[in-house]
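Each of the next two complexes has subunit A plus one more chain, namely subunit B in the first and subunit C in the second.
What follows is the complex of A and B.
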């Protein structure tokens, strides 16, 4: 093979190298993507039910009587009661969070990270069976975990609801991937370590450390009193900032330049942004506990660090914008770029909003309201999930050697999700601000607690409608992905994959 | 907890030291180009909707814009 490579023209040699790397990733990465999309659809159903229950508490409180009648006949005693209780808001809501965070977000990010690792290390995937086994183990953990949450086994600690035996399964799975990542890094081809690889290696190192430490200090050897709150939000916020954020940024730093064919505007800024994120983000969690029974210095440190996060965020925003400058026309033609640029813009918005919410004055209004839920959806969906969608649109054709089947399905996916999430965030922000303002003024006779609940209802109804839009997008995406797995896409047959335009008239990369 | 913090902080310092001593902060403009190769060089768009001829569409769009201006 090496003799063949030597005799080939450089262009064909590079294309073959890329094709070999992609082929080596096929099974594990598709496994991660397929299961992630399954959990995405399940998680969206949970989210929609939870959302509807917030303004219509009697929505699906029990199974239909005819169904319950037959189920009682053919299933063990108590099954109907168990299912009925699993439909309550208190179980469906954590099931939604854990399904989208650990079922969709993490495996989708891992799939993208595995492919990027192989591409950026420029070596075929090492130990693909080990990576696939980790993916299977992760999904076993997910099935057991979601089953536990729905049957009342939640620990009731936000972001750490899975019982310890599920946590253990997920940790082992993740540890396998982290060990594999170190092995890949050690065996990479010599040369520069691209910024995306820095982000991925950091995320794969940070997450098991965070997850392990938080679970030990909360579940196995629980810290006492309010210290548990600190650990809870140290983990909860860092799961977003030191796990999902680096994976999202790693994908954005690869996809934007790669799609438009232009290097990152300032590579210095990208490296600076990485180290600034590493330095400031881990201190942010305490701003979730403003007003709580904790030392003032601890909260203040978190607020300062939250504001310091403006530095890496603005650096990243400038870098992405300047890289795109003069290339915005490509957004018309590239599905990947549409999703990724939407996600990158949302990253800036979500992060700046997050920094502002850390101020005590604003936090007093927004804390414990739907405003915070809007913010978390802006971060985890509009930023992270949209970038993952874009990356999957880029990676899957290269793994399967086939084009996506339908441009229409991609457009339906993009526009329903984009309109859905923008509407959702706006409605929750306005509704949450009204809710927070009313809660701050209990002296007003119109602000009885029941009045406040009533005042949020129109906004919550709107949120459910936006959730339906997102559901349509997810179904289109899942259907399209299934078509790809069933080999409906047009095959190009060559190692370079995909029909590629000769060049983009506006993307000569002349900014230097 | 303390051991965990020292381990994390120490590993971050080591990563920074490793990057500096292995020349990762030198010739960074060259580093930004390692995602491109001879088959997918700088200047080449590598993603588009299926069945769309981007070059043709872009030419049509620019021609339309010219017509409007005229």
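What follows is the complex of A and C.
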């Protein structure tokens, strides 16, 4: 009886608390999202250009001659050469990776993490100006960094292409957010620490260490060649495993239960999955150098750890599946859930594929081929990016107090990206497998290197088409987000859903 | 797990284990390798790269050659790299002691370049190939690196370093294509790429 009496004010208080938390996040989180979406579009353009160049090497190799003629007249000497050189595949390709990983992926993840920190610590954002300043600093670093890559300043270390002065800017920005996160955690309201918070705190603790170590030992005080190789991939793989993956999982662990309105299936599985991931993922890097000039123990350890990753992945998959069980109908109408569940399922798939690719026999074929590129898109796009999309669809209306303008735009976004990424991964996997198989059988006179180049072309052309689909989705998303920022969102009525729920007792999407 | 310290001890422990294993131990195990000196001839391996070749390595880095070309020959129990003619022996850590940064690479859209200096020693071939890859290798998807070359009016005699180009790659009548300093350095680097020497831990199969 007394509980019933108490319930009302407590719920009202909770709603008030959430509203305060959301309001405190508005400026910094929207700043992170807006810049992330800007870089997403830029990165997709880079990706598309790089993709086209892979099968059509003469695709925009230089400025049109009439344009170059006029530009030469009105610009300092060497400008035309500089622009022409920045169009080469070897510069566009790292520009693509760095814009999507550090321009889109990290800031989008940070935006989600900052909002989740405030929600889960149940305190309004502390030092919002500091967080915004870190966001601005990060983007200054991005602009300088992409400029450096295009003008030939790349370090040529995959995942660490930015020159040291850019790395330094990003590191400072990152350190500010990490310190801020510890402050938030210390000042949280007493109570249970939710699993998403472990993932976020861990990611914010691990990443600066990773980034710092890798940059010091590769750029500032470089280790010897082969040692750099392993440090490179220790960093490269951990950027996925200990940075993007925890952020993606933190969002999935929050969004899925929130949208369907029931708690996570098992606390025990959450904890087990988290610590197993921390223990095994950090060792995976060496599987990028199977057959490389490194001691066998190092590679073998990484292969073992890669296979052990099956444990946390399956555990997390079971936990998410059991949470979803009986609620799959919600996928019909909740935009957030549809994106997040697509991402969570891709996580399972990408991780199991990754474990299989660590086996020497399979790796001998897939290494150095487009198969690996397909795998990385499955991880960073189908898993991580789709979860970020879903989370942004959830968070933005709460920051602005307005609902998404158009269900149609969300549908366009979802289906173009879903079909785009599925076909891209399939095409790259098949094309890559053929490429790898042919590379491994030089005794066959039909497997000369030029034959291999020819054999991969159709698959790469198909990949460019799938890239166009994804571009359409991103433009729809960016346009929709811009409409929201310009206050075109609905200020009345319930959330924007993709279809009508069967019964109105279902409160999906209306959870605040 | 509700306390910051407990959580952080866990984060630290899991992370430090792998950090020690994949970063610190390798640094001490094979991070201080010395070149191998042949006692009889006094030659040291891997050979030291010239200043020009080192400058060429920077051009290689700036233009992202690594995104299509690896520089590592895998052992023959794992791969057909040697059967394909990309090397006479597998690559070992000592081959890379002068590489800062390393350029091992992860992609073979183009062939492996560990021994390109052995396979293709002609400077003219490299220049023509860089300027117009399809003229040397039909169907190639390598981008043309025209910006590393200059088209200039022929002043009197044709320059000795002018590229011998045919058909649609050739410049207009009265013009010639010559390499810039960057192209010259890049070709010097490509010519220097060779693991065609024996090390105690990786002997050439002919010996």
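In the analysis below, the second predicted complex is superposed on the first by the 482 of 512 C-alpha atoms of A that agree within 3 Å, B and C clash if a C-alpha of one lies under 4 Å from a C-alpha of the other, contacts with A are read in each partner's own complex, and residues count from 1 in each chain.
Here is the rule we go by: a contact is a pair of C-beta atoms (placed from the backbone, for glycine too) under 8 Å apart; a residue touches a chain by one contact, two chains touch by 3 or more.
Just so it is clear, the model here is predicted, and its values are computed rather than measured.
With both complexes brought onto subunit A, simultaneous placement of subunit B and subunit C is prevented by a clash. In the superposition on chain A, A:391 makes contact with neither subunit B nor subunit C.
Touch criterion met: A:333 reaches subunit B, while subunit C stays clear of it. By the touch criterion defined above, A:278 reaches both subunit B and subunit C.
In the superposition on chain A, A:217 contacts both subunit B and subunit C.
In the superposition on chain A, A:11 makes contact with subunit B only, while subunit C stays out of contact range. With both complexes placed on chain A, subunit A has more residues touched by C than by the other of subunit B and subunit C. Looking at the shared chain after the overlay, A:193 reaches both subunit B and subunit C.
In the superposition on chain A, A:44 contacts neither subunit B nor subunit C.
With both structures placed on the common chain, the touch criterion links A:209 to subunit B and to subunit C.
In the superposed model, A:173 makes contact with neither subunit B nor subunit C. In the superposition on the C-alpha atoms of chain A, the part of subunit A touched by subunit B in one complex and by subunit C in the other spans residues 192-193, 202, 205, 209, 213, 217, 271, 275, 278.
Within the complex formed with subunit C, the subunit A residues making contact are 53-58, 61-62, 81, 84-85, 88-91, 93-94, 152-158, 182, 185-186, 192-193, 198, 201-202, 205-206, 209, 213, 217-219, 222-232, 234, 238, 242, 271, 275, 278-279, 282-283, 285-286, 288-295, 298, 301-302, 305, 360, 364, 367-369, 372-373, 439-443, 449-450, 453-454, 456-457.
Residues 1, 4, 7-8, 11-12, 15-16, 19, 24-25, 27-55, 57-59, 61-62 of subunit B are the ones that touch subunit A when the two sit in their complex.
For subunit C in complex with subunit A, the touching residues are 1-2, 4, 7-8, 10-12, 14-15, 17-19, 21-23, 26-27, 29-33, 60-68, 70, 72, 74-75, 78-80, 83-85, 90-93, 95-109, 111, 133-134, 137-147. Against subunit B, in their complex, subunit A makes its touches with residues 10-15, 17-18, 119-120, 191-194, 202, 205, 209, 213, 217, 254, 257-264, 267-268, 270-271, 275, 278, 329-330, 332-337, 393-394, 403-407, 410-411, 489-490, 496, 498-505, 507-509, 512.
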